[in-house]
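Chain IDs A, B and C follow the sequence of writing; residue 1 opens each chain.
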Amino acid sequence: MIGILDYGVGNIEAFLKIYHSLNMAAIPVRSPSDFDSIDKIILPGVGSFDSAMEKLNNSGLRDTLDEFVINRDLPLLGVCIGMHMLGRSSEEGSMGGLSYISGHTEKMSFIDSNITPLLPHMGWNNIITPRQDPIWKDVNLEQGFYFLHSYCFRVEDSEAIIGLSDYGSRFPCAVKSGGVFGFQFHPEKSLTNGIQLLRNFAEFS
Amino acid sequence: MLRPRITPCLLIRNGGLVKTQQFSNDKYVGDPINAVKIFNEKAVDELIIIDIDATRLGSDPNYALIQRLANEARMPICYGGGIKTSAQAEKIIKMGVEKVALSSALFVNPELISELAKALGSQSVVGVLDVKKSLFKGYSIFIENGVKKIPGKLSEWVTTFQDFGIGEILINSIDRDGMQAGYDLELVKGITGCLNVPSTFLGGAGSLSDIKKLIAQRGLGGCAAGSLFVFKGKYRAVLINYPKFAEKIDLIELGLAEYNSNVRK
Amino acid sequence: MIEYNICVRCVMDTSDKVIIFDADGVCDHCRVFDRDIFPVWNNGSGHEQSLKKLVSKIKKAGQGKDFDCILGMSGGIDSSYLLYLVKEELGLRPLVFHVDAGWNSQIAVNNIERLVDGLGVDLYTEVINWEDMKNLQRAYFKSGVPHIDTPQDHSFFATMYKFAADNNVKDIVTGGNYSTECIRNPKEWMYYQSDSIQLRDILKKHGEKPLKSYPITNILWHKIFLPYIKGVNLHRLLDLMPYDKEHATQFLVDNYGYERYPQKHFESRFTRFYESYWLPVKFGYDTRRVQYSSLILTGQMTRDDAIHKLSQPGYDPETIHHDFEYVASKLDWTVEELMACFNSPNKTYNDYANQESFYNTGAKVLRMFGKELGGKR
């Protein structure tokens, strides 16, 4: 059973509907006791880093989430701001992150372009995979996913990068450390690719 | 690399889809939910949905309809129409809409942009400018479904919106609306220099070739169209259509190739 | 309680409550086909002269106009193949007429586009006001009758014929054909969709508001006024030539990028739900039985194959709840509200006002004049 963390941020319904259409069990997680019935969690995230972290910290779910991921070592998928929250901090704000994966979020920079791409990074972009990972099973990497962000997660351990995208310069758009995944793009709004990715996460062990 | 976005634009009036010509002459196009369902299966890049009466009538957005559209869509949605406050925008984003589009309210109070950017993140805030060619030079901005003229130059307003932290600029040509005679490329050319956020142009696309020309003119960004993806043929028969992925990629590659070679000159 | 029985030749059975079996165990649907249809239809052979004459007449009547006939198109295989024939083989200039009742599937829309583009013909669509359609469909669901596809079907008839009359077009071609439809749905399963008395009564008793712009037609207009006064004629051209459905489908797939549907009538999400689930599960009426029987009689399907297919439900038990949810949500109902209709007592067309006697008389008269063969109805 997948849980979608409902802490007042992000598109819970879209994830629930997708799992429902796949005939896979998924519930919104709104209280600590909801964690008891799930074995994986999705952390959606839109808006800004500080407002998301603040809402999470005030939701009454932070401690149980930490226990779920750190102590019980159960899988988590962070989406967009949810990915940024996996690190220790973000240039976008001043609050501390979850520190589930070593890294820090900063504004996207473009080292070697003479034309500076506009921010936010908005639209469909393809994925480059430095290594094989079952999370990409049956995903059309050329078609890619939908991105909507101005900041990106700079993970410290390059081995944790399972997907890159190119916008002016390459940046990590998918990371994985143990059972913790982070995706910069929005799988819940990326048509069949997104649905497949979410299915793959559900089947991850 | 990021691709240009090819975006169908749906207009809502009384809960049903309509298409206009130069902002009038509306023709009933059908049920929005079925349209979104079909666009899902056609794998469109994103959808723009505008309620063309809400602001003019001073009514609240139709939240029930927005919720259903958001539930149906498997690609991002930008919703506009009747949004005047941060609370309304937040409510809509929470329903699963990725971006909110505002027009009238921003000319009255551009500071609303900062407020929205703070609450939602600037990437979710779209500023819409409906324009008509002025009698002499340049373009004039209109609000409330093309009825009320806003004083000031287009480039100045674009800059203002950007200064307050807008995430995207959507420029809609009233003259070209529904005419399917091509985008106003002069308009595109004239404003591109001012833009430092992503933009989308709407109004006039009559064929995929027009979209290619827009890409060739300005590279990355949104190419939005209403009539093109909803009508077919000389009788303007309602039939939802959208290029298949391979066709779309070809079109984009040709357009970008032309853009890049022009830029190098 | 009727003892169960099934025809030894086709697969119609006692789910048609008025079925009659003869001494050989063959049903009256088959006998009507043998007696009334086959002798005249003859598998579509031998009609070359009639077809030629008819095509000339249509061309002549259409001279100087933008198009010489209207072709009603759903995106289904019959009307799609007909379009190809009419344009490419018969050299006619059809205007494709499509009615959008709000339930078009993506496959249907895509197929229409491919054919219209591939054949270079013009398209006209009539979009039924969705609020009206929703109102009527909700009323039909609440009424408890089996023929809940009437709101869609009725609107197809009404608009196409009205367009012909308004634009002074004399010739309408449709994909209706004996090859795949020689056996008709029993009246109890699908009562006449053109009966406007029934429609108005159901609307009155179960509708929530008056209709805004939904087009209502009536049988008199169709069968008398249009053909005899306005001179508008309906032509079932597929009856005038050999028509093999599988061959036609493969041809369109190979040459026009046509996409196959999982089952007949899947062009509309509503019709798919209705025929594969609602009708069989609530009423015990499986329209596949009728479709397969037609194909058996015309040599396009074996009885064994039909029996085998009928042993499985026409819907996917894994995903049917998604369809149920979609239909409910589209009609602005909760799943519980739609379920309540599903669980309500089954009614028949006789529970509401109707013009059945008129149809019976009319059919007799028309048959006397050799104007209509029809199947058993």
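Keep in mind that, in the parts below, a residue touches a chain if its C-beta (ideal position, glycine included) is under 8 Å from a C-beta of that chain, and two chains touch if they have at least 3 such contacts.
The shown structure was predicted, so the numbers you read here are calculated from the model rather than taken from an experiment.
Asks: Going by CA means, which chain is nearest the middle of everything shown?
Replies: The chain sitting closest to the overall C-alpha centre is B.
Asks: Counting only C-beta pairs in contact, which chains form the busiest pair?
Replies: Contact tally peaks for the chain pair A-B.
Asks: Need the CA-centroid distance for the pair chain A / chain C, whole Å please.
Replies: Taking the mean C-alpha position of each chain, the two centres sit 49 Å apart.
Asks: I'd like to verify one number: the distance from the centre of chain A to the centre of chain B, where each centre is the average of its C-alpha atoms, in whole angstrom.
Replies: Taking the mean C-alpha position of each chain, the two centres sit 28 Å apart.
Asks: Let me have the rounded angstrom distance from the C-alpha centre of chain B over to the C-alpha centre of chain C, please.
Replies: 40
Asks: Over in the complex, which chain B residues touch chain C? Could you list them?
Replies: Checking each residue of chain B against chain C gives 15-16, 28-31, 33-34, 37-38, 41-42, 68, 232-235, 237-241.
Asks: How about chain B: which of its residues touch chain A in the complex?
Replies: Those residues of chain B that touch chain A are 1-5, 40, 43, 45-46, 70-71, 73-76, 93-96, 98-99, 118-124, 167-168, 195-198, 220, 222, 245, 263.
Asks: For a test of understanding, state which residues of chain A touch chain B in their complex under the given definition.
Replies: Per the touch definition, chain A meets chain B at residues 8, 11, 13-14, 17-18, 46-48, 51, 81, 115, 117-126, 143, 146-150, 166-167, 186, 189-192, 194-195.
Asks: Given the complex with chain B, which residues does chain C contribute to the contact?
Replies: 98, 100, 102-106, 109-110, 112-113, 116, 122-125, 127, 129-131, 329-330
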